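Listed next: structures, encoded as structure tokens.
What follows is chain A paired twice: with chain B in the first complex and chain C in the second.
Our next item is the complex of A and B:
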């Protein structure tokens, strides 16, 4: 796994937040680095029966059972085989009722950027591949657009909420047959 | 310093609650006619320690309250008073009040001491030998006594006397005044000299001293002000009465009562207080008491483990084939060490079930009074040990079952006499080990379950059809279905129509089961079967497709290779396997878990027969692997509950494997699907019931 390198950012700004960016289907996304616990290479996960397809399964993270979310699948992007650059970002989040640790599978991690508050643009109305409500901000760095995700919302509403999961392609066992 | 004190506070609370439990047990023994002096002594000692601790930590309400209890108990101990029914009842109530007070202090709240004060007055009445013990409970009595508030409860005065510098110039002499004060009673003087300037600056005509005076004399304030009369304008004077804290509160309390009139406000407050007590869920105590012996054993085991570890790492430094034998030995030793250590640590959490049983004598005592039934509680097998966490979770279901037995199981004394039984009904609690399970039985010698009534009710509720032919056992199990209650009237105690099904759910949630045995006219027994521990289980590993799963070994009855001849399909989707003279429904796990939707070739496939309570089902699997002890990890911590899965564990190779939940599997498989309509109907019934 390639080391994450800090970008030269000149003078530190109090309004600046650091974001870890990663690639997903050619687009660059970012998450608040404070939510990131660690990065891991891809390893096989134990599938959970009858779970939504974007839940790849659970892994053993030093004795803790951690669920793995396939972000490509969750965002409705075409699945691709995991390779050497595939990375699992382990995030730690305050959930609705408790703190959760879970892993997010992405194509590759990219950079750590410091982005000041004034450089953040609100997301436009877009009917893109991902649900707009999980996009917190857009930022432009070196003429590249970076999509900053609201990871708390994505996990708490986009993955664990009943309503959301009901809308998604859940493999319910069909007991009628 | 305050940190240190806080540390001891925790211990004080813990010990106090234990003392209260002991006192309660003792009092209950007294109320049952026990006259042993040692019992009174035990109660007395409990009260005494709480009093001491309470005073040390500044919980005056607690210490003054227990003081009165203690005095009363002392009289009982010396035979000056009899432990009659009324006084024991008031002492029991006092134990409750104390518990509430301590809980409030523990939570860092200011306790509502109204109830305590009211009770304290009652206790004082009894202590002072009020003739009619039965009368003391009335508030009017308190009112009468409140009239003769005595002022001589003032036991002394503290006086702060700070003369101005010019006091001497007015012709007054402090030493004369102090001498006069000393004439009133025992006096302690503290002189403050910090105002005295360096000798060079000192003026001989000025007064630089000031005094704090403690006077132990029950005199009137006037007697003191008289002495200082001439110097009033030339000094700072602060005269405060020293009142015995107990007595002062008593006076305040009386004032309070006069204001609220007839003590109606008090009654209301009492109610509030109780309501609060009910809402606040008892926080499970976070500590555990372990004998030092057990800890020493564990330390020894850790020592051995460390030795083994260093031996192995030494071997690893330069390993060659010659040392292979040694390595094997080392690993064996490591295995033994870790197993012993695991057992040792697990044993810390094992506690005798008497911890759970102990609360019942009190409950039975209270409830029997409420229902005017005479009930004797018998317990056996209190020494049976089980995991503390399981025990904490079993408490509520047990309470429910005992209440159920008292309320529905046992008849009224009249009915009992008519049926030719003793007036006194018996509720029995029994616990024993069976393999890796604990069995807890709650039984009564009441009227037993009325099969016909349950059946009729179940038909009304739409749980069964009139044409259904059910065994007695199946009929009794209907009691455990949601929304079922045979009580004609909803009582305060039980019979709200929720209950037994919740009990069943809780117990099944713990990986246990519940059985009912009953004989009409003879009695009913509810038997709860629980795993000894929730943290570790003996698991059977097996494969479905490429995935490895684990079943609790204790739920497996047998594993067999299926014979095509014994498989028969019922309707379109249920398949049954005939095992000897029993038909067992088959659950195809690869279908249930959406691993492989293609119907499996049943011929020669492996079937694991598992049991849930009395029920057997067969699980269709691909391959049986080994057995091993697994540590249960919750899936809910980071993910969410998954039906059919009770948790996960980490196998030796570091991969995660899922542990199956048999109850959940049955629920999600087609077996319960047949009941879907019924459940729907039942839910509707519930709705109607609630609306009425």
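Our next item is the complex of A and C:
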């Protein structure tokens, strides 16, 4: 209730963090808004040979090569066709040595919520669509459960291994070159 | 002493050549008489033999005549004279009687009379003389030779010669006078008279002297010799010596006498031999058991043997009923006419007899007699006798009649009669006993049969014949018993059948009653049906009208449906226009929606930027939120519009489809209406057919009605008939129950039970059967239990 109030007023507390929520297979997930670079509508990505299947391709985002990750594919969910309303969330992560930018394809973006730390609850010991190791907190807003993801971990450990990351980095570099 | 007997003036003349012979004892009692005597006297032999000879004495005869007769014969001399005799019936007859004593060894043992027919002159002379004697005017004198004999004895041959000469003289004189008279009457003269007298005197003188010499020298000694020899003959001595060598007239006479002696001796001897033979035959005939009677040529009975005599005496009483003049003791000497009411017939019959004749049975006074007659003829063929054999068949016929009576009684169904056997012997006893036994058996058999049949006629079938019978009687018994048995069986079955019939009849009666009800119900239903059919007819008419209207309506409907089809086409066009517009609106809405999406993304990006800006981006975030809100609202609106448009497009599509369907439906309707129209036409035609059909139905119902009426009548008759039948079957049951069947044997009982079971099975429905099975099942268990108990 409190969060809604804050969202309506648009005034965030000091203890509050803003989360961008998206829909994936009927469940609402949230990521820290500060990890989000921007939101884009779906546009065709250039496929990359020898890449995992969950990598839909790469796009050129204002000179930056951004890999597009199909989360549904990554987590073994049923694939759906991408259309005009399919949204790609471009996230920017601070890696060990450099920043990483990549797009994740979600069903739809939902809201921007301001959630105070007291409203965060530890994840339960059970898996949902996304493995529990990538969930940071659970939050309840307007009687609906929002799963807050640890995007860093998801990207670094869930999506890219070191090698993969390295490959991607090389590739990123080569694209940059 | 003798009663006065009536006499008549009828004279019976003796026949020429007939001799009436009789012998009497010394007292004048008749010891024998010949048939002529018997015949003319009118008495029977029995009436004459043993009677004094004066039974035939006529009252006109003077006693002096008989005195003279008796005196003469008692002196051993023969008597000759005319005698008037009386017949039994009072008539009289004249005879010239010669009575002579019969001597044996010089003693008179009886008298014999031989009578000839006298001349009329003799008769009239005697008649006159006896009349005078009776009148006391004359005495008996010179009536016969006795006086002459007496005189001869007294005067001797010489006086006799003189007397004879004197008589001759007188006779010569008389003859002379007589001739003279004749000549005188003839007209001769008196001269002749003298000549005649002279010649007569001369002749007489010659005769007188010649004769005297001859008589004295020759005649008297010769007569003496002849007399001696004749006396010997008269005494029956045929062996006296007769000198046949004398050569004179006396010798001739003696030779003739010798011939007479020999001949007579032979004849007497022969006669004696014949008599002996006859005696033997007669004795034999006397003793034979056949009843023999012999009549002479004039049918006078002269012999009857002992059996015949016994028979006649025995039958005398009976014979007299028919023949009042019959006397058994007087038959000998009587004519056989005594046996017949119509003697002439019998005489003709017997007279014409040439061979043996056997009569039929004759009933004489209750005796049944049969006569066998045989004619006896002499060598010359003259009929001399008739042998009659009498057969008394009275007893035989009585037995015959008795047997016939029994047989007729038996034939007439009376078996209670028996022949008395006490008075019978020999064959008749055996025959009677046999017939009685036969009738006994028959009576027992018939009584038994009668008893059984009588019981049967009373409806009692329990009787049977138990006696022991053989042969056909046994068969009769067997058959009677079998008949009763079979009848009893049959009646038993009939009785059961009658019960079944009765039940059946009751069912029939019930069924008939039901049928009657149903028939009446049917009749009522038929009436209802008839009225219904009338209603139906009007309904059909109405249907026809309706069909016409419906046809009209169908035509209208088709037109309207066609019109509706056109309108639907127009509506389809309009709908497609709406769809087009809606699609355009939908496109526009999509654009708006895209714009709203993009705006939302932008606003979110702005919110991301604002968040990154921190405190500085706060205001910006608010704006971004507002934009996002707007974008979302427009997206929602667009979504709503899109939904509405989609809905309307869908509705229009649906409407279009519906309109299409309406068009198709209208087409179908048009076709259907067409079909309806056709069908209605058919209905109209069908109505017409129905109308005619209903007419036929009406006729059929009328027929059914009449048939039902007939059925009803018939059912009533059947009901009546079944009631009658019921009555009859009851009667039949009563009738059958009138039979008494007694104890039914096991076998029959079994048969009856079987029949009953069959009848029950046929009549009782399946329930009974199921019951039975139940019972059986129970019994099965029961038996099993028993088994268990036994275990």
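Worth a mention:
Just so we're on the same page, the second predicted complex is superposed on the first by the 151 of 177 C-alpha atoms of A that agree within 3 Å, B and C clash if a C-alpha of one lies under 4 Å from a C-alpha of the other, contacts with A are read in each partner's own complex, and residues count from 1 in each chain.
Here is the rule we go by: a residue touches a chain if its C-beta (ideal position, glycine included) is under 8 Å from a C-beta of that chain, and two chains touch if they have at least 3 such contacts.
Just so it is clear, the model here is predicted, and its values are computed rather than measured.
Applying the stated contact rule after C-alpha superposition, one finds that A:39 touches chain C and leaves chain B untouched. Legend: residue contacts after superposition of the two complexes on their common chain; A:85 is shown touching chain C, with no touch to chain B. Of the two partners, chain B and chain C, it is B that touches more residues of chain A. After overlaying the two complexes on the shared chain, residue contacts for A:65 are found with chain B alone; chain C is out of touch.
When the shared chain is aligned, no partner comes close enough to touch A:153: not chain B, not chain C.
In the superposed pair of complexes, A:102 makes contact with chain B only, with no contact to chain C. Chain C meets chain A in the complex at residues 594, 597-598, 600-601, 604-605, 607-608, 611-612, 618, 621-622, 625.
By the touch criterion given at the top, residues 7, 10-12, 18, 20, 33-34, 36-41, 84-85, 87, 109, 112 of chain A touch chain C in their complex.
Listed in rising order, the residues of chain B touching chain A in the complex are 547-548, 573, 591-595, 633-635, 637-640, 642-645, 648, 650, 654-658, 668-670, 673. Chain contact summary for the complex, chain A toward chain B: residues 44-51, 55, 57-60, 63-67, 98, 100-102, 160, 171, 173, 175-177.
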